[in-house]
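Here it is, the structure in full.
In order of appearance the chains are A, B, C, D, E and F, and numbering begins at 1 in each one.
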Amino acid sequence: MLIHVINPNTSAAMTAGIGRAAERVAAPGTRIVAVNPADGPISIESHFDEAVAAVGVCEEILRGEAAGADAYVIACFGDPGLAAARELTKAPVLGIAQAAFQVAAMLATRFSVVTTLQRTVVIAEHLLAAYGYAHQCQRVRAAEIPVLELEDGAACSGILLAEARRARDEDGAGAIVLGCGGMADYAGTMGEALGIPVIDGVTAAVKLAEALVGLGLHTSKHGDYALPPAKPFAGRFQHLTRSA
Amino acid sequence: MLIHVINPNTSAAMTAGIGRAAERVAAPGTRIVAVNPADGPISIESHFDEAVAAVGVCEEILRGEAAGADAYVIACFGDPGLAAARELTKAPVLGIAQAAFQVAAMLATRFSVVTTLQRTVVIAEHLLAAYGYAHQCQRVRAAEIPVLELEDGAACSGILLAEARRARDEDGAGAIVLGCGGMADYAGTMGEALGIPVIDGVTAAVKLAEALVGLGLHTSKHGDYALPPAKPFAGRFQHLTRSA
Amino acid sequence: MLIHVINPNTSAAMTAGIGRAAERVAAPGTRIVAVNPADGPISIESHFDEAVAAVGVCEEILRGEAAGADAYVIACFGDPGLAAARELTKAPVLGIAQAAFQVAAMLATRFSVVTTLQRTVVIAEHLLAAYGYAHQCQRVRAAEIPVLELEDGAACSGILLAEARRARDEDGAGAIVLGCGGMADYAGTMGEALGIPVIDGVTAAVKLAEALVGLGLHTSKHGDYALPPAKPFAGRFQHLTRSA
Amino acid sequence: MLIHVINPNTSAAMTAGIGRAAERVAAPGTRIVAVNPADGPISIESHFDEAVAAVGVCEEILRGEAAGADAYVIACFGDPGLAAARELTKAPVLGIAQAAFQVAAMLATRFSVVTTLQRTVVIAEHLLAAYGYAHQCQRVRAAEIPVLELEDGAACSGILLAEARRARDEDGAGAIVLGCGGMADYAGTMGEALGIPVIDGVTAAVKLAEALVGLGLHTSKHGDYALPPAKPFAGRFQHLTRSA
Amino acid sequence: MLIHVINPNTSAAMTAGIGRAAERVAAPGTRIVAVNPADGPISIESHFDEAVAAVGVCEEILRGEAAGADAYVIACFGDPGLAAARELTKAPVLGIAQAAFQVAAMLATRFSVVTTLQRTVVIAEHLLAAYGYAHQCQRVRAAEIPVLELEDGAACSGILLAEARRARDEDGAGAIVLGCGGMADYAGTMGEALGIPVIDGVTAAVKLAEALVGLGLHTSKHGDYALPPAKPFAGRFQHLTRSA
Amino acid sequence: MLIHVINPNTSAAMTAGIGRAAERVAAPGTRIVAVNPADGPISIESHFDEAVAAVGVCEEILRGEAAGADAYVIACFGDPGLAAARELTKAPVLGIAQAAFQVAAMLATRFSVVTTLQRTVVIAEHLLAAYGYAHQCQRVRAAEIPVLELEDGAACSGILLAEARRARDEDGAGAIVLGCGGMADYAGTMGEALGIPVIDGVTAAVKLAEALVGLGLHTSKHGDYALPPAKPFAGRFQHLTRSA
């Protein structure tokens, strides 16, 4: 089974880290290929960053189709381009936010999210509402760490752990969802320190992707996720033209 | 990995069928043990049947703990006893309704449920609301087939397929969720006939259980799913007494 | 009019207290019979306790049918077995949580619940959502008193009053709902001390039961609360077998 | 116990009918006084009718306070002036829509409303949402009978019954709520013909009012339903001036 | 274009202030006529005040129809009589609460309301829910200033600013909605002091009214806002009788 | 006042039509500049089309900032890139879906949407939920007309009118919202034929933009719509790099 894990930003270091996290949980027969678009923002911390990154995600799906991927993971917590990506392929496409919420909902009655910057909180809240998890999430908490600083483990682990502890003790959260694809490396030690499930979306999505492929199920091509209609694209996006 | 698949009713034939379905999708290293309580209703088609069956589910969890199960699946679409079961163990416990809704939500924007009797529709609708999937489910449809008649494949397959086709064509459902643990055998041929994902909760739950175990995550023991307080149980339930 | 007030746990002392509370508000023509199952947990403080107690509730309904009860009250705040109980009889069946929420909604725009242990908060929250009162409840507060310690009035009255005062002053609650069948004795003095309605579910349910019987209305036997289908029950639950 | 049943419109014939319905279910010690404002619309079939009638309701509350009423029923299905009325008195005030919804929710999982004109449907739908019953109501159906024609029993009973039968058979409603205070006389025969609970709000509200008074509870005077602030009223409403 | 700005209370000073605020933002071709009913409360701070004021609003609409008004603004934050007013005219009718919420929703993802007395908070909350803005409003805050004291700018501006600053800093509100028609004069300086949009409903409604008239759109006369049915009104409201 | 009306697709003919519609309703002092990206899909009929078009929308905002635009309208009914666009400017940014829903909510209690292809229905439904209008929209109806065929007035007007008539007569809609920026020319004649408000989002958004500018209000730069953080963009999007 070939899973393309798409880091929607253009930071190669973060892509490598996400790939390592994915491989750590992959089943024996699963091959992980971690990729990122050549074009787009170095990190995703705003609606604007998301909008641009979504195009890169779509292009990586098209590239993955050529490579024969069996499933895709979009490894940014805003799930940028998720609906568009699902239109472009019959293979299952997982967003790490949706995946993490689903896993949390099976392990605890209530969870909190610990994310990066305050300004991304609203993105997570919109997804919670759209996916149906708003009533199970106690609070989305910002650790006020910029995405690219997550690579500095020494500085970040204490801040994240403190915020997650507040989620457990003040929000009454039974589980913690990590709100950034770049936080995968922290889940294990945080879970041990807190004594509750700490869920990283990248690894969660990889295992759910394996599950869907294992069930022989595909993205519905009837209705809302059907292949996009054929039509010309102009200018810089001409290569995205779809012929009938 | 040892997964106990609990059929909450006392029909041994149905337990065997559920076990076979679970084994069909289990990963190489997964061992499936399909069990059912010795005590309780032969099928579950009412709130009353559910209430009695929930006790049997709890007892099977306790038995599974002794046997060292790594995860549990409750294979009845009302997810009877799910919250209680999650209290009793640190292992992940999956309900097939929650599992099927989650899988559907990753493959289509909208799904419909095809269940057995009209009187169980409200049970599915309550779960959709409680889990947060009400807005993604177009309709819960009853095929008006009693649970135990599901074993008669010749008679049932046409009825189920017709109802699911109506769901696709009239409801605009992009995926179908089968609303009974006894329908697992129908998913494959229905999916082929309809050209859209047809999701059986038993197999869905087995794969999600493997995913959770593969992630090293457990049911939260902080808060709402903590082990039940120690206390005496009287009479016929004396063996359930929990000492501190 | 004969009302069976069912204490779902097996504590005879608590049953007696609940019976006394019910009698205090019963109309002249109403006869209260307070009962509890012989089998089950001594108190209800977890989903597991609830699951087992629900069977006892059902059996008490069946016993009540033989005795000719005109209405039933399930006197535990999680309303365990309520839907199942309503299937088993044409007589009205009241849960004390639903009854208390309804009474509160007629007296104030917003109320708070004061319950026993933190781990039961989620049970009340699920009921608020299922019944449609989530938007009218400001907060469910736990006094951290185990159910059976409620009998110690000297120790508990101060704690409950302090928590209810916080509900009034911090939550802006116009009324307090007591979140346990064992709190009935505290409602009067708390209401006087706080100057706002303090609602005990047991007495509320008794008066609502009288109202429904007085209206000549019964539990609908069309659709979701119709009598359960006939079928065999196995083993220890064989006596619950329903013949057609 | 003295219950003032306020018909918010100025039709004396309708007031008399409502009074008779209320008396039919009143407990031995309950005295019913049916009243209507001297000023206002002859029937209530629009938001405008409601707005004017609400003033009459408030004035009847003030009159009732002088008469020592123990509880009030507002006998129009839009519950006009309900929040204002609750501010004006410590006695419980019941709206017949809220009362009927509560009774229905105790007897069936789903109900439908049968009301008068299509244009009043939205009023009922707003109340269902505001009170928290939207998810339990299958549909609000208009029989297209003007309010004052309800007195013509021969003409109306067939139309109402047909609409209620459609509610039972097409909506899957387990109970019917009658959507007008003038429909009280139809409830009994409709219930017998349909075999399901048919709930009239006037009688429902009378019995719930008795229940609240029997519990010794009053409208909360803390917060949102506190007595209105003292202040001058001008012109035609000068008599409503409240002094500190 | 003629816009009648209706101050629902009978305070002439407040009407004049509201009129001045409206004129400040009116387009060159817009004529503002600020009016108030001759009959009713001097200020609106309770459900009761609202109920009486709604009649005055309706009468001002009827007066406006005679004067040929092109649009109406109801300049009290509870939007009293809004639905009734919309029935009485084909011209657009704006409530200042709905107008302010709409403007806020176009400028920020989340806003808070700063209103007068705590007891009116529930009125704003009900409107937020009814209009669909509950999820975008972080909190409704009371400054505990009686409506008529708002005219004392020296005393009030500091209190309002402090409360709005808390909304920005503690609630994370990106915009502030002023919760009273009498607060129009404070919006400008508050917006400058806080650096975020501060929205006054009176001016917002005037500009939205201009927009609707400019679009050539009218209040729908099909269905729920159709003209009220013809019928007699009795007594003091006889002049409201509508003939067919 | 300078309003940039951005047609997110690359069809110059459609941009011209949208510009003409905008100019028809613009106030004397308003200057309309209709633009479209040079790069992207020729029409928007899928999530994928939307994702690519959103980048073009952002670039048009940046271009508009240089040109000194006072407000922006995104003239595609999915409001593609709306949140990102609001981050990029202090000027108000209107989406035509949000604008049309707001206008409809001021004119009728319930509306229906008539859009192009069935596959875009889900996009409108997601927006209705996200903006808070789901309870006011009766139904989103697809006329099954591809976007670019809307220019053929002879063929389309009958189809759109028939669908809108069904919305009025079967859904009980009091107003119709046109679900595509290319439908602006149809609103007038449809409104006359149906006798109810027919709302085109392009003209609605232009008038609401004028209103916001007239109020002196801007997009909040505090919190969720603050300017995006500075950061490098790679490859084809390098020009979007934001320096601190």
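As a working rule, a contact is a pair of C-beta atoms (placed from the backbone, for glycine too) under 8 Å apart; a residue touches a chain by one contact, two chains touch by 3 or more.
In UniProt terms, the chains line up like this: A, B, C, D, E, F = Hydantoin racemase.
Just so you know, these numbers come straight off a predicted model, no measurement behind them.
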Just to be sure I understand the contacts, which chains border both chain D and chain B? C, F
Contacts shared by chain B with chain C include exactly A, D
Compared with chain E, which chain's mean CA position is the farthest off? B
Of the pairs given as B-C, C-D or B-D, which one copies E-F, with over half of its contacts the same by residue number? C-D
Geometric centre distance via CA averages, chain B-chain A, whole Å: 27
When centres are defined as mean Cα positions, the distance from chain A to chain E in whole Å is 44
Find every residue in chain A that makes contact with two or more other chains and list them. 83, 109-110, 118, 122, 129, 135, 172, 223-224
Taking touching chains as linked, do they make an open path (line), a single closed cycle (ring), a hub with spokes (star), an all-linked set (complete), or other? other
Provide the full list of chain pairs in touch. A-B, A-C, A-E, A-F, B-C, B-D, B-F, C-D, C-E, D-E, D-F, E-F
State the interface residues of chain A toward chain C in the complex, per the touch definition above. 109-110, 135, 172
Parts of chain A lying in touch with chain E, wherever the complex brings them together: 118, 122, 129
Contacts from chain C onto chain D in the complex sit at residues 25, 27-28, 83, 92, 94, 98, 102-103, 105-110, 131-136, 168, 172-175, 188, 191, 195-197, 199, 203-204, 207-208, 210-212, 214-225
In the complex, go through chain E and note every residue touching chain D. 10, 37-43, 45-52, 54-55, 57-58, 81, 83-84, 86-88, 117-119, 121-122, 126, 129-130, 146, 223-224, 226, 228-229, 231-237, 240
